[in-house]
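Chain nomenclature is as follows: A, B and C, assigned in order of appearance, with residue numbering initiated at 1 for each chain independently.
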Amino acid sequence: MNMVVIMKQTFDTEEKITIENGQIVKDNVGSIMNPYDEYAVEEAVKLKEEHGGEVTVITVGPPEAESALRTALAMGADKAVLIENEDQPLDEYSIAKVLTAAINNREYDIILGGNMSVDNGASQVGPRIAEELEIPHVATITKLEIDGESVKAERDAEGDVEIIESTLPILVTAQQGLNEPRYPSLPGIMKAKKKSLERLAIEDLNVTEDDLQSKSKAVDHYLPPAKATGRILEGGLPAQVEELVHILHEETKIV
Amino acid sequence: MSNLPQTADVVIIGAGLMGASTAYELAKRNVKNIVVLEKNAIGSGATGQSSGVLRGHYSYELLTRMAVQSLETFQHSNEILGSGVGYQPVGYLFGVDHVNIENLKKNVEMQKRNGVNTGLVTMDEVKEIWPELDTDHFGAFAFEPQGGYGDPVLTNQAYADAARALGVIIKQHCGVKRIITSEDGSAIVGVETTNNHIISTPRVIVAAGIGAHHLMKNVGVNVPIKGQRAQLIYISPGGSKKNVPSFGDFMHDQYIKPEVSSGHLLLGNADHADPQYIDPADYDADKYLKHATEKAIEKAIMKFINCFPSLENAKLLASYSAAYEITPDGIPFICGTPIEGAYLCTGFSGHGFKITPCVGKLTADLILEGESKQEGIDLAPFRLTRFEENDLLKPAHPYTTTVNSHV
Amino acid sequence: MTKVLVLAEAKNGKLRNVSFEVLTVAGCIASDGEITACVFGSDAEKYSEEIAKYGAQKVYVVNNKELNEYTPDGYKQALLKVIDEVQPQVVLTGHTSIGKDVFPRVAARLNAGLISDCTDVQTGKGIVFTRPIYSGKAFQKKKITEGLVMATIRPNNIEAVENEVAGETIKLPVEIKDLRTVVKEVVKKAAAKVDLSEAKVIVSGGRGVKSSKGFIPLQELADVLGGAVGASRAACDAEYCDYSLQIGQTGKVVTPDLYIACGISGAIQHLAGMSSSKVIVAINKDPEANIFHVADYGIVGDLFEVVPLLTKEFKKVLAEKQAVSI
């Protein structure tokens, strides 16, 4: 079985975000494989372990994205493809066009990706690619079973679980809980350095100028207002407890 | 800050391990009106980045003595400080290559003389201590059963709590903007906080890590201290034993600190031949790389694989970068300065945790007595002027594999 | 004149609140223009009247029973037909499991831009959408640069405002065929054991818990709140609990709606694992503990006194709420 994983290297959202001149500052901030894509890589490697075949991981990004690809290789992927793009702002529409062009040249039975990226959080690229490739998709899956050409997936629909049936070829996007991504083994990390990593320029792919013209654009970035200082409650303990429960339940409606 | 006093007998800048330990010792000796000012939170600086290894092993006799004296506090922290410090006596293993066998033997003898429970161990004994350790290429090993690790943040908290119980005021999220001297610049008169509050005091102890550099520069004293990035990786070894010892591997130049609760290992680089420095100004502005570079991660992985080749299931869990405050010779500053009343207690260069209890006592001695009252421990090697006097501490039998005096 | 089309959504026989919120956004954007809505399913016309209450002058209903369950293919075919019929400039829906699933496919088919998960809209200089990024740590303002404007709106962020108009219901015949995915079954949300990394409420214990038994009152509070129990490194190292509960730099990172820190000093290594919690409550005997610096609400006291009181009070208040909703 041939698995293609679409992956993105993102900002480590656990780090502090700073904004200068309406743009996010990227120096000195760590980059990680998008956590939802980790589930996709893990699922692809598991499929390979079960059904045999090959896992190819593709990403569009700057040269630094190589490290995320190497992590995927260390987890068990076989091939990696980096479509280099550093300066050209590409929105979801254009990225889907580029990835579709890269995938079209390859053999695939199933395409996997994370259901969203933690930096952008739009959940668009997977379904867009499925439409471009004219294949079905199931998003936010928490379970996947493949038997021959038959696909059975469990889809997280805002807490409800939908049991979906379909057939290959298909695109799926991963939700938290699909699996437990393996940590790369130390020997795996060293071996990954020798695995195939192909570098492509966007010009090498079959994309038109129109495809690369983003249909949307960010005009500003800003930080949320600073949290107000906390409050230490006063009074006897029972009174404080009553007040706290009132605040949490009636006022802020947190619980 | 409405609840900060206007005067104090001593102001300590920095509530990390050393600031808190010193505050506690001074308060124990009945010094009143001690104020400790911390710009962030307890355990937020170098303290929180320490790996927490405990050992008596040093090639410097002076540091060994300080470590021995300090171990008692880690072992009996509940009685002494009133709370636990996470002391885990998993043991401390130390290994060297063939070239350094004689150095190891001599240093172990020196350590024994100074009260360290240590001794050489055979290769078979090492296999029992850590089955997957590949002892080939190693020349010799020493083992301290009472070594291991502790929790630096818990220790910091324990000292802070004990100090507060004795009346010390500790203010977090209250930095010091500047140290104030008399008009002729010869003596301390006070400090100004970042909230523009002034505390008059004749004594300031700068236990502010890298921050000591600019604080003292502003009053005309050059403290040669800078930041050095240490890059650490956190792994799941997948080995047979959970209770492996802390390990100073001076064959591959790395150190390993275990974690009993999880079985995970922290791997640190002990090879200081290619140091990555952080400018104090960048450190203050928080503008430095806090995650480990790929190169550093690979280096650490290679060292581990070479030492434990059978651990094929070892997994990389995380990596990060710590910033140690280092001096040119890796030995701290516990000393006075040309300014009357201004003292330094900083520059622990990545190996301060284990001597914290002794440092507190020494600094208190310095302030109150002008000299060390700790048996066999002299303050002179920690003076600021040692560089211009070209009088640096030298171990009798230094290891050839390390470039920095942290062992 | 701007024509805005809204895909409305019903669940369990009722229109979802987010549909009213999206209609309100449509009203802002359309201003003097036209608001059209569409809704799918066998008896979807029953929703027309309510949809018209929020400003839709026309409601297109696609009655095919194949649309009673959501499938990307089914909804896409229906929506494309409505768009073709209405020729809107703007198409909106909620950022729900349906909206975020079908809109990207429709956008790809129409070669259109799509701005997802928006929390606000401004008109004036074109249509500018606001949306959260970096897991909510920052916001961006975005607009479509050319052609059809498509957007999904995050539920519960925009207040739905009634704007009753005389709506017209139009039944649109659409051929829905070749559905490549089939919904075999829908299993409703169950009260499963809450996983720490997904929990919306976490009650966490630190050094102050003092023993493994000390976690019992915390578990009781977590149970009442439908949450999970976490711990700081100090508690795990002291073996008061298993390492799997550890939250912090060398443990898990959590982002619950409510984090109740009991007997936790708040060292920065722990904060690294929970500082993005929406609301932080701290209970600690030490008023100087750093945790109070990041907590939204704090109680200085003994957790063994406070936590049981909280459990009792929450039990009372939540039981009252249940009674009222029946």
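As a convention for this text, contacts are C-beta pairs under 8 Å (C-beta built on N, C-alpha and C of every residue); 3 or more make two chains touch, one makes a residue touch a chain.
Note that this is a predicted model, so its numbers are computed, not measured.
Pick the chain whose C-alpha centre of mass, unweighted, sits closest to the average of all protein C-alpha coordinates shown.
If we average C-alpha coordinates per chain, A lands closest to the whole-structure average.
Which pairing of chains gives the most C-beta pairs in contact?
Ranked by C-beta contact count, first place goes to A-C.
Compute the centre of every chain as the mean of its C-alpha atoms, then state which one is farthest from the centre of chain B.
C
Averaging only over C-alpha atoms, locate the centres of chain B and chain C and give their separation in whole Å.
Here chain B and chain C have centroids separated by 46 Å.
Any idea how many Å lie between the Cα centroids of chain A and chain C?
So the centroids are 19 Å from each other.
Using mean CA coordinates as chain centres, what's the gap between chain A and chain B in Å?
Here chain A and chain B have centroids separated by 40 Å.
What are the residues of chain C that contact at least two other chains?
Answer for chain C, listing residues that touch two or more other chains: 293.
At least two partner chains per residue is the criterion; list those residues in chain B.
Within chain B, no residue touches at least two other chains.
Once bound in the complex, which stretches of chain B touch chain C?
40-44, 48, 83-84, 86, 88, 151, 153-154, 157, 161, 164, 170, 172-173, 234, 259-262, 264, 318, 320
For chain A, which residues are in contact with chain C within the complex?
11, 13-14, 17, 19, 24, 91-93, 96, 118-132, 135-140, 156-167, 176-177, 213-224, 227-228, 230-233, 237-238, 240-242, 244-245, 247-249, 252, 254-255
Note which residues of chain C are touching chain B in the complex, please.
207, 233-234, 236-239, 243, 246, 249-250, 265-269, 286, 288, 290, 293
So in the complex, the part of chain A that touches chain B is made up of which residues?
Where chain A meets chain B, its residues are 12, 15, 28, 30, 67, 182-187, 189-190, 193.
Show which residues of chain C lie in contact with chain A when the two form their complex.
Per the touch definition, chain C meets chain A at residues 70, 72-73, 76, 96-97, 100-105, 107-109, 111-117, 128, 131-147, 180-189, 195, 197-198, 201, 225-226, 253, 257-258, 272, 278-282, 287, 292-301, 305-306, 309-310, 313-314, 317-318, 321.
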